[in-house]
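A short worksheet on the structure shown next.
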Amino acid sequence: MKFFATLLAGTAFAFSAFTASADVRFGIMNEAYPPFFAKDASGKWQGWEIDLMDAVCAEMKEKCSIVELSWDGLIPALQTKKFDVIWSSMSNTEERQKIIDFTDKYYNTPSKLIGAKGEKAGATAEDVKGKTIGIQVATIQSEYYKKYFAGVADEKTYQTLDEAFQDLAAGRIDYVFGDSIVLDAFVKSDAGKDCCADMGDVADDKEILGLGVSGGLRKEDTELKAKLNAAIAAVRASGKYDEITRKYFSFNIYGQ
Amino acid sequence: MDFSWVAKYWPLLLSGAWQTVALLVISVSIGFLLAIGLAFAQVSGGRVTKILARSYCTFFRGTPLLIQLWLLYYGVGSLLPMIPGLRQSFMWPVLREGFFFAAVSFTLNYAAYEAEVLRGALLAVPKGELEAGRAFGMGRFTLIRRIWLPRAIRIALPTIAGEVVMQLKATPLAFTVTVMDLYAVAYKVRQDTLLVYEPLIVVTVFYLILTAIIARCFGLVEQQVPVRR
Amino acid sequence: MASLETTLQLLSPYPPGWGGTLLKGAASTLAISAGAYLIGLAIGMAGALGKLSGNRPLGLLLNLYTTAIRAVPELILIVGLYYAGTDGLNRLLLLAGMPPLEVNGFVAAVAVLGFVQGAYMTEVLRGAILAIPSGQIEAARAFGMSPALRFRRVVLPALLPNALPGLGNLWLAVTKDSALVAVVGYQELALATRLAGASTKQYFLFFLAAALLYLAITLVSNLVFSLLERRVRRGQPALA
C-alpha cells in the first residue's frame, strides 16, 4: 500500500513539472561564452546578452526564465517547444530563416581569426593555406569556411568555442574562427595572452555571416515576435542599450 | 523522411565507419592484452600488484568514459605546451589528433572491464586441469599458455562478445574530441541539412550492421571450440 | 600547475570557488540516476512479467524493445529520444486533441535514461525470475494465492537475491550514463565540470575532481549494494 502511495506521489511530482508556465522562456547555450553570457561560480548567468534579456523583459512586462541546452540542440528544441526564444548569440541567416523566424537584430559584429602568437597576421584564403582551423559546429563561421576555405585549409569542429581555444593553446590547431568579440576576450584573458594573437577580421559576406544576431522564434509566434521587436526598439531608444553596452565594451556593437 | 542527402555524404559515412571500426579494433585488441596482464595480477600476483591492478580497475570502471576521455584529451592537452620541442618531434602529428587520445582512453577503459571478465573466467577454470598440468611438470608460463588462458577465454567468450558490442556502442563519444567517426558524421549532416532524425537513423543502421557482424564473428569462433556440457 | 592554495580556493564550495557548482552537479547526477533507475525498475518489472506471461504478441513487442535499445549506442538513443520524445509525445497528444505538454529538462533526462534502463532491467529481472525454483511458485498456486499475492509473498523475495548483482551493475551503469546528458546541455556533473574548467582554464584539476566525485559515488554504491545483498541473502547458504 505504501509502495503505491509513494508511486502516486512520485508521478504527481513528475507531472507538476508539466504545468504550463506563463513565463517567456529564453533558450541559452549551456556553455561559457564571455562576455555575452557565462555562468559564474554560484551558477548565476551573467553577461551583456543576459542584461539585455532582463531589459527587454522589463519592457515587455513579462516574467522571463532561462532554459539551458546544447548549442546544436537549440533549433530542434525551439521547434519542440522546450522554450520560446533562442537568445544565444545566434545570427540571422537565410539558411536558418527556412526553419525559424528571427526578431530584429540586437547586435552585429564581424568574425575573425585568432592564431598562435608570432605567426603572420592575415585572414584570407591565402594566409590559411594548409593550416587547420577550429570552428564551432553549426555556426555561420562553419558556413563561411565551406564557401571560402574548404579546399584550402582543414577544419576541426568543436561542440563549444571554448574547446577550440583549449586546442589552440595546446597547439593542436593553427587558427580559431569565430565572433570577433568573444575571440578578443579570449586573447586578452590570462589563458589566451601567452599563446595567441589576433589575426584579423575575415572579408565580409552578408549572405553567410548574416544580418546580425537576433532572437530565434518559431514561425507561428508572430505575436511574440512583435512584442520582442517593440521591446528591443524601446530598449535602444531609452538609452538602456548603450548603458548595458558601456558596462562591457568601449565601442558600439550594434553595427549598421 | 528526407534521405536525399545520403548520396552526397556517402564517402563521408564510409570514412566515419572506418574510423569507428579502427577505434574499436585498436581498443579491443590492445585492451585485451592489457586485461590479461591485469587479470593475472589480481589472481596470482603479489600483494602490491594485486592492489595496483584492483585500483586501476576500480578507477576505470568507477568513472564515466566521457570524463576519462576529456581528462586525457583536454587535461593532458593543456600540459602539452609545457614540453619543449614536442611540436617538432615525430610524435606531434599523432598527438595533434584526437584519434590517438580516443584510442588510448577507450583501450584503458576496455582493459578494466575485460580484466573483470577474465578474472572471473580464470577462477572458473576447473582446478583439476591446472593440477594435471603442474603434475606434468609444466612451467608456470607454459601452464598459462597451454591450459589456463585458452580455457578461460573459451569460458568467457560469450561475455567478451557482449563487451565488444558495448565497446562499439561507446565509440560515439570520440566525436567530442574532434574525431570524425560515424556519429560525428551524423552530427555534421544534421548541422548542414538541419534534419534532426534522418542522419541518426542512417547511422543507427550502420551500428546495427556492425553489431550483427561482431555477433556473427564471435558465434563462428565459439563453434570452433564447442563447450562440452 | 596552480599552487596548493589557489587549488583549494578554486575547489572551495563557496563562490568564487567552483566546488559548489561541482557538488550541485553531483547532486543532479544522483537525482537523474535515481529517477531513471526507478522508472527503469518499473518498466523492467512490467517487461519481465510480460515476457514470461506467455502472451506471444506482447513477448514479441518486448523482445523488439529490449533488442533495439541494447543494440543502439546510448549516445544516439539519448540525443534522439531527448528531442523525439517530447515531439512524439506532443504529436500523440495533438492526435488525441489534447494541448501539448511542456517537459522540463530534468523530466526529459530522467524519462530517456529510464526508458533505456528499462530494457536492461527487463533482462536482469527476467533471468532472476526464471532462476526461482518452480516448486515454490507451484506451491503458492496450490495454496490458491492470487497472482498479486503470489508476486508479493513468493516471487519478489525470491528474485531479489538473484537479481541484486545485476541490479547493482545497472545502478553503476546509470550513474555513468547520466554523464551523456551533458551532450544535450543538461547540467549534471560532467557539464558542470566543463563549465568550471572553461571559466578558470584549470581543466586537469576539475576533470580530476569530477572523476573523484564519480568514484566516491561508485564506492558508496558498492557498499550499499553489498549490505543489501547480505540482508536479502540472510538465511541462505553462503555463495561458493
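A, B and C label the chains in the order they appear, each numbered from 1.
Keep this in mind: a contact is a pair of C-beta atoms (placed from the backbone, for glycine too) under 8 Å apart; a residue touches a chain by one contact, two chains touch by 3 or more.
None of the values given here were measured: they were computed from a predicted structure.
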Topology of the chain contact graph, where touching chains are joined (line, ring, star, complete, other): complete
Which of A-C and A-B has more C-beta contact pairs: A-C
Distance from subunit C to subunit B - Cα centre to Cα centre, in angstrom: 23
Centre distance in Å when subunit A and subunit B are each reduced to the mean of their C-alpha atoms: 36
Interchain centroid distance [CA atoms averaged], subunit A/subunit C, Å: 33
Sequence positions of subunit B contacting 2 or more other chains: 74, 78, 176, 196
Residues of subunit C engaged with two or more neighbouring chains: 83, 183, 194, 201, 203
Shared interface positions of subunit A, touching two or more other chains: 76, 159, 166
Complex contacts: residues of subunit A adjacent to subunit C: 7, 10, 14, 17-18, 20-21, 29-32, 38-43, 67-71, 73, 76-77, 79-82, 159-160, 162, 166, 189-191
Subunit B - residues contacting subunit C, complex: 58-59, 61-68, 70-71, 74-76, 78-79, 165, 168-173, 176, 183, 186, 196-197, 200, 203-204, 207-208, 211
Complex contact set, residues of subunit A against subunit B: 72, 75-76, 95-96, 98-99, 137-138, 142, 156-159, 163, 166-167, 169-172, 195
For the subunit B and subunit A complex, residues of the former touching the latter: 74, 77-78, 80-81, 87, 95-97, 176, 178, 184, 187-188, 190-191, 194, 196
Touch list for subunit C against partner subunit B, complex: 71-76, 79-80, 83-84, 172, 175-180, 182-183, 190, 193-194, 197, 201, 203-204, 207-208, 210-211, 214-215, 218-219
